[in-house]
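Structures follow.
After this come two complexes, each holding chain A, first together with chain B and then together with chain C.
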Partner chain A sequence: MRSSTTRPPSTAERLLLGAIGLASFLGLWWGMSASGLVAKQFLPTPLDVLARTQYLLTEPFAGATLPEHLARSLERYAYGFLLAAGVGVPLGLLMGWFRWLDAMVTPVFDGLRFIAPIAWVPFAALWFGTGIGGPIMIIFSGAFPPCLINAYRGARFVDAKYIEAARMLGTGSLRTILEVLLPASFPAIVAGLRIGAGLGWQSLVGAELIVASAGVGYMMVQGQSNISTPTVVAGMVAIGLVGLVIDVFLRQIEAFVRHRRGLA
Partner chain B sequence: MQTSRDWIGTATVASLLALWAVLTMVTGTIDTLRFPSPVQFWQSLKQIATTGYADGTLLSHSLHSLKLVIMGFTVAAAVGIPLGLLMGWSRRAEALINPVFLLVRPIPPLAWIPLAILWLGLGDAAKIMVIFFAAFVPSVINTFTGVRGIEPNVIEAARMLGTGRWRLAREVLVPAAAPMIFTGLRLSLQASWTTLVAAELVGALAGLGRVLNVAQQDIYPAMVMVGMAAVGAWGWATTRVLAVVEARAMPWLAVRA
Partner chain C sequence: MSAIEFDNVGRLFERDGRSFPALDGVDLTVADKEFVALVGPSGCGKTTCLRMAAGFEAPSSGRVLVGGAPVPGPGPDRAVVFQQFALFPWKTVADNVAFGLRNKGMAAPERRDRIAAIIKLMGLDGYETAFPHQLSGGMQQRVAIARAYVLDPQVLLMDEPFGALDAQTRVVMQEELVRIARINPRTVLFITHAVEEAVYLADRVAVMTQRPGRIKEVLDVRAIRAAENWDRHARVEDVMDLESFVHLRTHIWRSLREEKVGGER
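After this line comes the complex of A and B, so read on.
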């Protein structure tokens, strides 16, 4: 086994091993449902899921087609995430600059942080209803902490000589924040936005499972109560794909920003 | 500086609590039907602690949730850490497992809940399965990253001295990767609580998520708040326990902290 350090596997070997891994995963899945070892009702074959996904693309289930459900989810997601970024990043920067604000907000933030975002769902439902307000609040509570923390840390760890230079030249607080702290902590902020985006998407799915009348999560719950396992798995695939696209997109932006800064 | 900072923090929290009391109980600006007053909160807390709510007392619901978190988390760590060690150690194992991992990983743990309910029903087994999926990924990834980050010199020195494979894993790989492993465990623990609460909100017979769910259906905001506070308190307490374990397990890092 330790030969792996003396001779690392070649690219061809890696690809082959990867293909074997994937094939055995899919083969196991397929074999278990096709052989009847697990009832097909509970474990559809990969093909069943594909066929169901195709069906859902054009035919409505739980009141809408899959793209329509996705569109509803993404709309809420966009509002919630923009709100989290719009409040979290400026607040984080301000906390990084004004020590008194830091001292005020930090204990409150730390106290609330341990409440899982999903635990806000019943409260959000009572306050803002289950249409758009409630889910937005849930996405906000999921995406907000990384936005705030990264902006704050980015601002706190800006090289002191830049701040001193700016102050020596008589720059005011607002201008220092906008023209020194914001650009200097930009890579940290973008990283925080990426983490927040992932957590926000997760929280949205959770919120839609519990309270919603449309969206992918709602579609999955309906699939679950109709014992339509292919619908549930198709929903999982759709959620995974959208999450992956969001992540890859933001990773590109992050890599671009870091590259511009000469950080990577 | 530290004292003035603490003082500002305490003053802020105190004034927020005072503001809460005044707005709900004195001026009535906030409708107590939607946002409970401190007194209502206290009464609900007393109610669930003594007579119980949603078929159990606060203690029994808490212990039920805690038990599931500990079980799911332990199984996930027991499978995830060795798998991460193996993938970090052997490039072949990584090449074999990683594609499957990449395929499953983008699916958020919460999205497994409907499938878990279909497969295992509303009982404890479904919750443990979902917690496992949530806690498994961070354990594997961080252990893997930790092993890959070990300086090759350290491993080579051990090998040159003729250290066997098992001893190398136990005395070199695990201690060197320990900080990353614990980072992974902390993330796993957080994910466990989030997923458990979500799973219990979707459907459960006992637990803190059920308290929240029943309170929402009864339109009982004070009890919702008690449930949230309990979730936060337990999340905090289990994180503290893990931090103590971490400090005990890695005494050599205490010098730095």
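After this line comes the complex of A and C, so read on.
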């Protein structure tokens, strides 16, 4: 039978094709900025960005070096994400277990979850000023929905045989939630944490629009005001790379969990 | 005393706003420490009977009594062995077996002794720290049986426990079950669609009609087993070769053939 897609490339081919893709992207970028079609001020060349990044690694801009900005961003991100996971996962699990809680929370949640994190910026600024509360709130609003939804789905669609086995063994509600529902939902929860971690990190720049001191988003906003576009792109690159590292890390955890469970 | 009594039990299922009778007037008593096998065409409601005795479902009419009282819900006095094992994949063999005992609030040393004893009895030594997915189907079902037996339940409910096993493993498990049942007799309701398995294991075999299920006839295997001295044979295949065994098996086969096979549940 013919497969529905084309032949999958080998590892070597995959590396080569990936390199071609990246080179084409950089070439197109370079061509655009070098040809003069776009003013150099508005689109720096890849080399400008590289030089600027190198500079920012050691020299402060907007009050701090790039690693210092990153450290502040990661701190805010960690608080926002941990809060989202700490509220979203237990709430999702309990919604999957208690049908009345599901019926109560779902309409509120569905009403709010399609609002982009950046839409909360005005309120975050009003409520928290330039303190750490604002960015945490925005990162939270990005990371929270997948944490909750995946824990909920994991718990709601746990194979009934595990719950029946627990009840047959005389297990009370609390122990069933902690020792059956939670571990049975664990692969779904970890998948949700990974998605949530990604969306939370994506919300970072929006979150740091309203901070007054350091952070990659803050650095980029300052770069824009000073028409230093290489600084802005350097911030974008830093966000992309750190996001990738976070994702790879959580992917490893996910794979480990699935392996231990005998799922893959 | 822990007899299981089905007293004129009916069960309706709702689908698309209409109700279908799955069981209609089931009368059956499993006496204390008796092993009764329930056979019937697929879709006849055997599993529903067992699930009502377990407390997972309630009868629509009639009564299901265990130890003389209506079944209140699932509980460790009526341990269930599921066809699909239903072991907790995130727990080791020892932790799966220990799970029910921990609910009883048993002291750790006593718990350890009980677990060690049952693991030995079920031939699971050396697998205590393995996870279920690392074991074969036969070994997983041993763990599931150990998890049920360790609770020392008055009643054991087994829903096609060997249905998912290959033929060789199945025979070994049947012999094991007979061995364990002699050491520690319990009230057992055993569902199977393998007629030979039913005749080999049970004191009595109850045959059900097609849907809506009723008890068609009950055969006393015990009397024939004693009269023909089946127990002098240690191996399943030797017992299954005996004329008296073949005769009983064929009788049940005919009885089932008269029932058209109902729809799969």
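One rule holds in what follows: the second predicted complex is superposed on the first by the 231 of 264 C-alpha atoms of A that agree within 3 Å, B and C clash if a C-alpha of one lies under 4 Å from a C-alpha of the other, contacts with A are read in each partner's own complex, and residues count from 1 in each chain.
Note that in this section a contact is a pair of C-beta atoms (placed from the backbone, for glycine too) under 8 Å apart; a residue touches a chain by one contact, two chains touch by 3 or more.
None of these values were measured; they are calculated from a predicted model.
Enquirer: Look at A:Leu56 in the shared chain and tell me whether it touches chain B only, chain C only, both, or neither; answer first, second, both or neither.
Expert: neither
Enquirer: After superposition on the shared chain, which partner residues are touched by A:Arg260: those of chain B (first), chain C (second), both, or neither?
Expert: In the superposition, A:Arg260 touches chain C alone.
Enquirer: Once the shared chain is lined up, is A:Leu250 touching chain B (first), chain C (second), both, or neither of them?
Expert: The answer is neither, since A:Leu250 touches no partner chain.
Enquirer: Have a look at where A:Val233 lands relative to chain B and chain C in the superposition and call it first, second, both or neither.
Expert: The answer is first: A:Val233 touches chain B but not chain C.
Enquirer: Touching A:Leu22 in the superposition: chain B (first), chain C (second), both, neither?
Expert: first
Enquirer: In the overlaid three-chain picture, which partner chain does A:Gly172 touch, first (chain B) or second (chain C), both, or neither?
Expert: second
Enquirer: Just checking: does A:Ala64 make contact with chain B only, chain C only, both, or neither of them? Give me first, second, both or neither.
Expert: neither
Enquirer: Residues of chain A touched: more by chain B or chain C?
Expert: It is B that touches the greater number of chain A residues.
Enquirer: Using the touch definition from the top, say if A:Pro183 reaches chain B (first), chain C (second), both or neither.
Expert: Second partner only, chain C.
Enquirer: Touching A:Ala151, do we find chain B (first), chain C (second), both, or neither?
Expert: A:Ala151 contacts neither chain B nor chain C.
Enquirer: Intersection of chain A residues contacting chain B with those contacting chain C?
Expert: Residues common to the chain A contacts of chain C and of chain B do not exist here, since the sets are disjoint.
Enquirer: List the residues on chain B that touch chain A in their complex, please.
Expert: Against chain A, the touching part of chain B is residues 4-6, 8-10, 12-13, 16, 34-35, 89-92, 95-100, 103, 106-115, 117-119, 155, 159, 165, 190, 193-194, 197-198, 201-202, 209, 212-213, 215-216, 219, 221, 224-225, 227-229, 231-233, 235-236, 239.
Enquirer: Looking at the complex, which residues from chain C come into contact with chain A?
Expert: For chain C paired with chain A, touching residues are 54, 56, 73-76, 78-80, 82, 84, 86-91, 99-100, 103-104, 131-134, 147, 151.
Enquirer: Note which residues of chain A are touching chain B in the complex, please.
Expert: That would be residues 1-2, 4-5, 8-9, 13-15, 17-22, 25, 42, 99-100, 102-108, 111-112, 114-123, 125-127, 201-203, 205-206, 209-210, 217, 220-221, 223-224, 227, 229, 232-233, 235-237, 239-241, 243-244, 247 of chain A.
Enquirer: Taking the touch rule as given, give the residues of chain A at its contact with chain C in the complex, in rising order.
Expert: So the residues of chain A touching chain C come out as 161-162, 164-172, 175, 179-180, 183-184, 186, 260-262.
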